[in-house]
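One structure below.
Order of writing sets the labels: A, B and C. Residues in every chain begin at 1.
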Amino acid sequence: MQFFFEVLIGGLLAGVMYSLVALGFVLIYKASGVFNFAQGAMVFLAALTFVGLQEKFGLPLWGAFPLTLGVMVLLGIGIERVVLRPLVNQPQITLFMATIGLAFFLEGVAQLVWGTEVRRLDLGLQDEPIESVMERFNLLISKFDLVAALVAGLLVAVLAVFFNKTRIGRALRAVADDHQAALAVGIPLKQIWAIVWSVAGFVALVAGLLWGARNGVQFALTFVALKALPVLILGGFESVLGAIVGGLIIGASEKLAEVYLPSLMSDFLLKHYDISINLAGIEGWFAYMLALVFLLVRPEGLFGERHIDRV
Amino acid sequence: MLYRESGQFKTSYAADQQLFPILQDRIGVLTLLAVALVAVPLLASDYWLTAILIPFLVFALAALGLNILTGYAGQLSLGTAAFMAVGAFAAYNFQLRIPGIPILVSFALGGLTSAAVGVLFGLPSLRIKGFYLAVATLAAQFFIPWLLVKVSWFSNNSSSGVITAQPVEILGFVFDTPVRKYLFVLVVVAVMALAAKNMVRSAIGRAWMAVRDMDVAAEVIGIRIMQTKLIAFAVSSFYCGVAGALYAYAYLGSVEPDGFNLDLSFRILFMIIIGGVGSIMGSFLGAAFITLLPIFLDIVLTDGAIWLGLNLPSGTTSMAQLVVFGALIIFFLIVEPLGLARLWQIAKEKLRLWPFPH
Amino acid sequence: MEHEHNTGRRIGGTFLSVENISLAFGGVKALTDISFDVREHEIRAIIGPNGAGKSSMLNCINGVYRPQQGTIRFDGQAFQQMDPHKAASMGIARTFQNIALFKGMSVLDNMMTGRSLKMHTNLFLQALYVGPNRREELEHRQKVEHIIDFLQIESVRKTPVGRLPYGVQKRVELGRALAAEPRLLLLDEPMAGMNIEEKQDMCRFILDVNDEFGTTIVLIEHDMGVVMDVSDRVVVLDYGKKIGDGTPAEVRANQAVIDAYLGVAH
C-alpha cells in the first residue's frame, strides 16, 4: 500500500509538469483560438537558451532568467508578427499546421545555436527524499518534486490574478470571448496576442527549467511536451483548471499503469493463453489511448463547455 | 500560345469528363510515363534509383494516402507512419505464414489490414474534428510500433522487431536489381494514383469534399457522414499500408517498428502541405520536394563549409533540415496554402497566354 | 412581378404537417407548440421578426434539430424526430440562410453532390471508373446540366463556388437542392441580401420550379412584397410562437401580426 502511494504521488508530481506545459497551450488557445503545437518546442528552446547562456557567459541563475525571459518575449512578439498576423481568419487546422512548422523551426534553431548534446541544468535543488515526511509517514517524496508542485501552484495563482484583476487580463478575456467585438470596443488585438504569446513563453520557461533540471535538457523534452495534448483532451482546451486536473490525472494514471499493468497483463496472458510477453513501456502510449477513449465518451473534456451547433 | 485549349471543342459530356480533357495534358502525361518507364531505367544510376527515385515513389504513395484523408476528407492525421508499419508487417506475415501466396496478394492484404486498423482509429472522428482528431491519431502512432516490438510474433521472433523482406517475385520473375525494383514500384504507384484520381472525381470523392467543406449541408443532402469518413480512413490507410509494404520490400529491405516513427508521419504531412492539400499531383510534387531537399541541403552545406573553410559540427545538416522544413511549411501556408500544385496550375495559366502577359 | 396562379386547381391534400412542435436549447425556448400544415404543390411562407424561430422550424422539419415535443408528419409517415438522412431520402431538400455550399468544389461538383442518394455504384467501380460508374456519372451529369441550363449558370459550371459572387452562389445552392429532384423544398431566405434584379430572377425560378416540377415549397422570407406575391399561404411566428396563419391577405389584416411587426404600446 505504501508503494502504491509512492507511485501515486510520484505520478501526481510528474503530472504537475504536464500541467505546466498544458497551461501554455490553454493560454494561447483561449486568447487566439490557435492550437499551438510549438509549445513543446518553446519549452525546449527556453531551457536550452537558459543553460546555454549560463555556460557561455558564466551567468548566475538570476542573470540567465531575465535574459531568457527576454528572448521568449521577443519570440512571442516575433511569432505574432511573422506567423499569426498573415494567417488571421484562416481555418484553425491551417493555423495548427503552421504551428507544427513553427515547432520544427524552433527545435532546429535552438540546436543550431546551442548544440545538440544533453545538458545538465542545476537549479540548486536536490532530487532527494524529504526527511520529515520519510520519518513520519514512511513515504519517499522528492524535495524537488514538491518545489516544482509549489511553483506550478504559484504560477496558476499569479495567472489567475493577472487574468481577473488587471486591465490587460480583462482585455484578454474579452478577446477570448469574441475577437470582432473586442476589436470593436477598441482593444488592440495584435498587442494582446503578442502579450499572450509572451506569457506563454514565460510559462514555457518555467516548465523548461523544472523539466530540464529533472531530466536534463535534451531533445526528448519535446516528446514529453507532446503529452500535454492528451492532458488538454481531458481537461478541455479552454480551462486553466482543466489543464491542472488533466495533468494530474494523466501523470498519476500513467505511472500507475506503467507500474502495475504490464505484470498484470503478462501474468494473465501467460496463465490463460500460455503467451510470454514483456509489456513494459506502456508509458509511451498510455496517455494517448486514455485520451482517445475519453474522446469517445466526453469529447468536450472534463471542464469544457458543450457547444451547440447553430445552423 | 503553347498551352491553348481553344479549338478543342467537347461535343459530349463523356469527352468533357475524361481524365485529361486537354490535348496538351494527355501528351504531357504520356511523355512523362514514357520517360519514367523507358528512359529512366536506361539512364539512371543505381544511386539515383535506390536513394532518390524509389523512396520518392514510395513516399508519394503514402502522401497520396494521407491526402485522401486530410486533403479531400478534411480529417487530420499524425499517424501515417503507424499505418505504413501495419501494412509492412502484415504483408510480411502473410508472405511468411501462407505458403505460395503471390506477393501482390500479400501487399493487398497488408493494405486491407492497415485499412481495418485505420477504421478503428478513425472511429473518434465521428464525434470530433481538427486537432482533437490529431491527438487520437497520435495514439495510433505511439501504440502500434510499441505493439509490433513487444509482440515478437509479428516479426517472427526477431530481436527488437526487425523484419527482413522476402524477395519480390511475380510469376517466376524476381525483382531484385534497382532497376527492377524501381519498375515494380512505379507500376504499383501509377496504378494506385490512377485509382485515386478516379475516386476523387466520382461520387465518393465529392462526398469526401462535401464532408470536409460543410458537414451539416452534406448530411442534409443525404450523404452519410459516418460512412463517408470511415471510407476515407479505410482508403487512406490502405494506400499508406501498401506504401509501407513497398517501403520494406522495395526500398529498405529490412525495417524495424521504430523506423515508422512520428518523424516519418510529420515528413509525409509536410509533403502534402508543400505539395498541395487536396491534389493528387500535389502528393507527387511534395514527395519529390521533401525527398530532394535534404540531399540538396547536404550538398550545399558540405560544399559551402569546405568553400568557406568552416568546420561544421556534426548534426548541422539535420538541424538545418528542421529549420528549413519548418520555415517552408509556414511560408507555404501563408503564401500559397494550396502548395506546389497550385503554382503548377498558375504556371499553366501563364503558358496559355505566353508570350503575351495578358 | 404580380403573379397570378390558379390555386384551386393545382393544390392537393395535406403533404406535410407539423404538430405541437417544441424545441429548446438548454433553457432557451426556440419554438413553443407550433402546428401548421403544408399542402401538396403549395408555396407556403414562414415569416416573422428576427429570432422568431423560423430557421429552427425548418431545421426541425429536416432533422438538423431534434425537437423535444411534437410530431412531424410527412407523406403519410409520422416522426417524433426527423433524421437528416431520412428526410433527404424521402425527398426533402433545402437551402440555408448563410450559404452552405461546398466552397472548395466547382459548381458542377456541388450540384452533383445533390444527386448523392441516386448514385449507387460501389467504391471499386468508382476507383476503376469503368462501366456502370462511367455510365452513372454521365447520366447524372446530364440531369445536372438541365438544372444548370434552367438556372442560367452555364458559364460558371467549372468555377469553384468560393470565387462566385453572392447572388450566383445563392442560385447554385438552389440548384444543388433541385438536383435532388425534391418533392418538398425548404428555402431559408433565398433572397436575403440580393438586389432587385436578382430578387426578381430568384422569384421567377421559385415559381417556375413550383409550376414545372410541381415541387411543394416552404420558404422563409423577409421581403413582404415577395411573400405576398409568391406564396399561397403564410405562417407567422414571433418569439417561437405561432401568431398567424392564412392567405397573404388574411395575414396582412391580422392584428397580432401587425403588432409583432410594428410593435405595440404597452
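To be clear about the criterion, a residue touches a chain if its C-beta (ideal position, glycine included) is under 8 Å from a C-beta of that chain, and two chains touch if they have at least 3 such contacts.
Computed from a predicted model, the values in this text were never measured in an experiment.
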item	value
Two chains sharing the most contacts, counting C-beta pairs only	A-B
Chain whose mean Cα position lies farthest from chain C	A
CA centroid of chain B to CA centroid of chain C, Å	42
Chain centre separation in whole Å, for chain B relative to chain A (CA means)	32
Chain A-chain C separation of Cα centroids, rounded to whole Å	48
Contacts with two or more other chains, residues of chain A listed in rising order	311
Residues of chain B touching at least two other chains	216
In chain C, residues with contacts to at least two other chains	64, 96, 100
Contact set on chain C toward chain B in their complex	62, 64, 84-85, 87-89, 93-94, 96, 100-105, 109, 112-114, 116-117, 119, 121, 123, 126-129, 133-134, 136-138, 141-142, 145, 176, 180
List of chain B residues in touch with chain A within their complex	74, 76, 121, 123-124, 127-128, 130-132, 134-136, 138-139, 141-143, 146, 150-152, 216, 266, 269-270, 273, 313, 315-316, 319-330, 333-334, 337
Touching residues (chain side chain A, partner chain B) in the complex	35, 37, 82-83, 86-87, 90, 92-94, 96-98, 100-109, 111-112, 115-116, 226, 229-230, 232-233, 277-279, 281-282, 284-285, 288-289, 291-292, 295-296, 299, 309, 311
Footprint of chain C on chain B - complex, ascending	13-14, 17, 19, 195-196, 198-199, 201-207, 209-210, 212-214, 216-224, 231, 235, 278
